[in-house]
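Some structures are shown below for you to check.
Next come two complexes, and both contain chain A; in the first it sits with chain B, in the second with chain C.
Now for the complex of A and B:
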């Protein structure tokens, strides 16, 4: 089933992605959820590289890991759900 | 416990099950390198010769499936317009409070200097990826997103200073979309199909090769970049 080094790397990546997804689902903080979704996208990017699809990997890295987390973070801050400790300290 | 909470608790389990199924198919059931498709081999043989694009993905995206790319651009345009519409009506009701940057928060010397340093480099990288779309992996969509992030970075660092105003962004976006369609229509006027690649394929691997594909990708990149930059500016709540 698992014979080459690529398969082991893929297995490791999928493990990282799975734990990132679980963190995103279970975490209380919205910011942590956004960051872990970004980590999941980064793992998916490396998986695409491993599968020899550099175009798809590039799209996933730029859109999934970069832009969509930026959009999510901006949306959270518009909704007033983004609370980092520093911003909370300066607000009060 | 209410029904909604109970269904929320089921979500991680459902997700884990789906991922286990994905892993199963990934390592056992999928035969890598033997896709059940018929057109792929033909395109791989003919694509380089017919279109002169070293990157076969570009040959498919713009040469053989240009109409689908136009459809993607239309979807992106529709969604960006919808976001702009929704957010602009919200802006009318609540005033400056909705902005992400309330009162010129200074995010720190390092972040500001780094954004000033990174912005031209990111612009260069974005244009590089767009212009070399027919040679190396990447192209209009990826480069366009990098352009949008490069344009938005100074706004993030300097609390809402956008290097381009809204009219310029709209102009670039509209012009790029028009360029894409005009290139398609020019092929139609020469008696070919809509979006048929024009000009000579040229030498494979040269920067000026693959006919009109680099022009199309430049239009795609500028449109995506302008669109997403406008979307990010809208989302950050600045009326630049």
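Now for the complex of A and C:
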């Protein structure tokens, strides 16, 4: 069983990304959800580097992880969701 | 092993995103689920052009790599990432308008508020009584009478 270290890194990143996706949809706080989506984008960036696509990784890092997280964080404050932890509005 | 793990991750992200899109009751969570599904779709599209043992598709003078990964899906994914952020910004703008109009971000509550607002708008032009409930009207729903030419309801 000859496994390179890239396989283990890929396994770790996929695990982190799937758990971040689950946390983003199941957590009660919206801020935690936005941070989880940013973590997912960063994991996707590292996975793109591993998949021999450095240009896509650069774009994902700048646009996907940077700009998208900025938009979502600004939307949090604009939509008034920063301190909202009411039950009923945040299930699933 | 690596191929299976990557495909499982991409399909898993897609499935989690679509499930969240369908099942969540909060509109902001739906936008987040859309972002997750988009990440999974990008990964799946990039994996379609991946060749194991390949080099990055960058040609440098003197060393031409014998096995390269396919650069065409990479260009597609590059475009899809940017378009995805645009869609996300549009969705956030629509969410802000929905919250301004209805005062809520819950999906079903927003639909109810919008229907009531529409009924009030229509009720101004008609003399028909307003149906009690939009989801379970008693009997057949009455058609709103057509406004005659002579009498402008406005």
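Throughout what follows, the second predicted complex is superposed on the first by the 81 of 92 C-alpha atoms of A that agree within 3 Å, B and C clash if a C-alpha of one lies under 4 Å from a C-alpha of the other, contacts with A are read in each partner's own complex, and residues count from 1 in each chain.
Keep in mind that, in the parts below, contacts are C-beta pairs under 8 Å (C-beta built on N, C-alpha and C of every residue); 3 or more make two chains touch, one makes a residue touch a chain.
Keep in mind that what you see is a predicted model, and the values were worked out from it rather than measured.
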First (chain B), second (chain C), both or neither touched by A:19: neither
Broader residue contact with chain A after superposition on the shared chain, chain B or chain C: C
Partner chain in contact with A:54 - chain B first, chain C second, else both or neither: both
Which superposed partner A:6 touches (first chain B, second chain C, both, neither): second
Chain B versus chain C as contact partner of A:77, first or second or both or neither: first
Touching partner for A:64 - first (chain B), second (chain C), both, neither: second
Partner chain(s) touched by A:30 [first = chain B, second = chain C, both, neither]: second
First (chain B), second (chain C), both or neither touched by A:44: second
Footprint overlap on chain A, where chain B in one structure and chain C in the other make contact: 7, 10-11, 14, 18, 21-22, 25, 51, 54-55, 59, 63, 67, 71, 75, 78, 90
Chain A to chain C touching residues, read off their complex: 3-4, 6-7, 10-11, 13-14, 17-18, 21-22, 24-25, 30, 33-34, 37, 40-41, 44, 47-48, 51-56, 59-60, 63-64, 67-68, 71-72, 75, 78-81, 88-92
Of chain C, residues touching chain A in the complex: 1-2, 5-6, 8-9, 12-13, 16-17, 19-20, 23-26, 28-29, 31-33, 35-36, 39, 42-43, 46-47, 50, 54-58, 69, 74, 77-78, 81-82, 84-85, 88-89, 92, 95-96, 99, 105-106
Of chain B, residues touching chain A in the complex: 11-12, 15-16, 19, 23, 26-28, 32, 55, 57, 98, 100, 105, 129, 137-139, 141-142, 145-146, 148-149, 152, 228, 231-232, 235-237
Of all residues in chain A, those that touch chain B in their complex: 1-2, 7, 10-11, 14, 18, 21-22, 25-26, 51, 54-55, 57-59, 62-63, 66-67, 70-71, 74-75, 77-78, 90
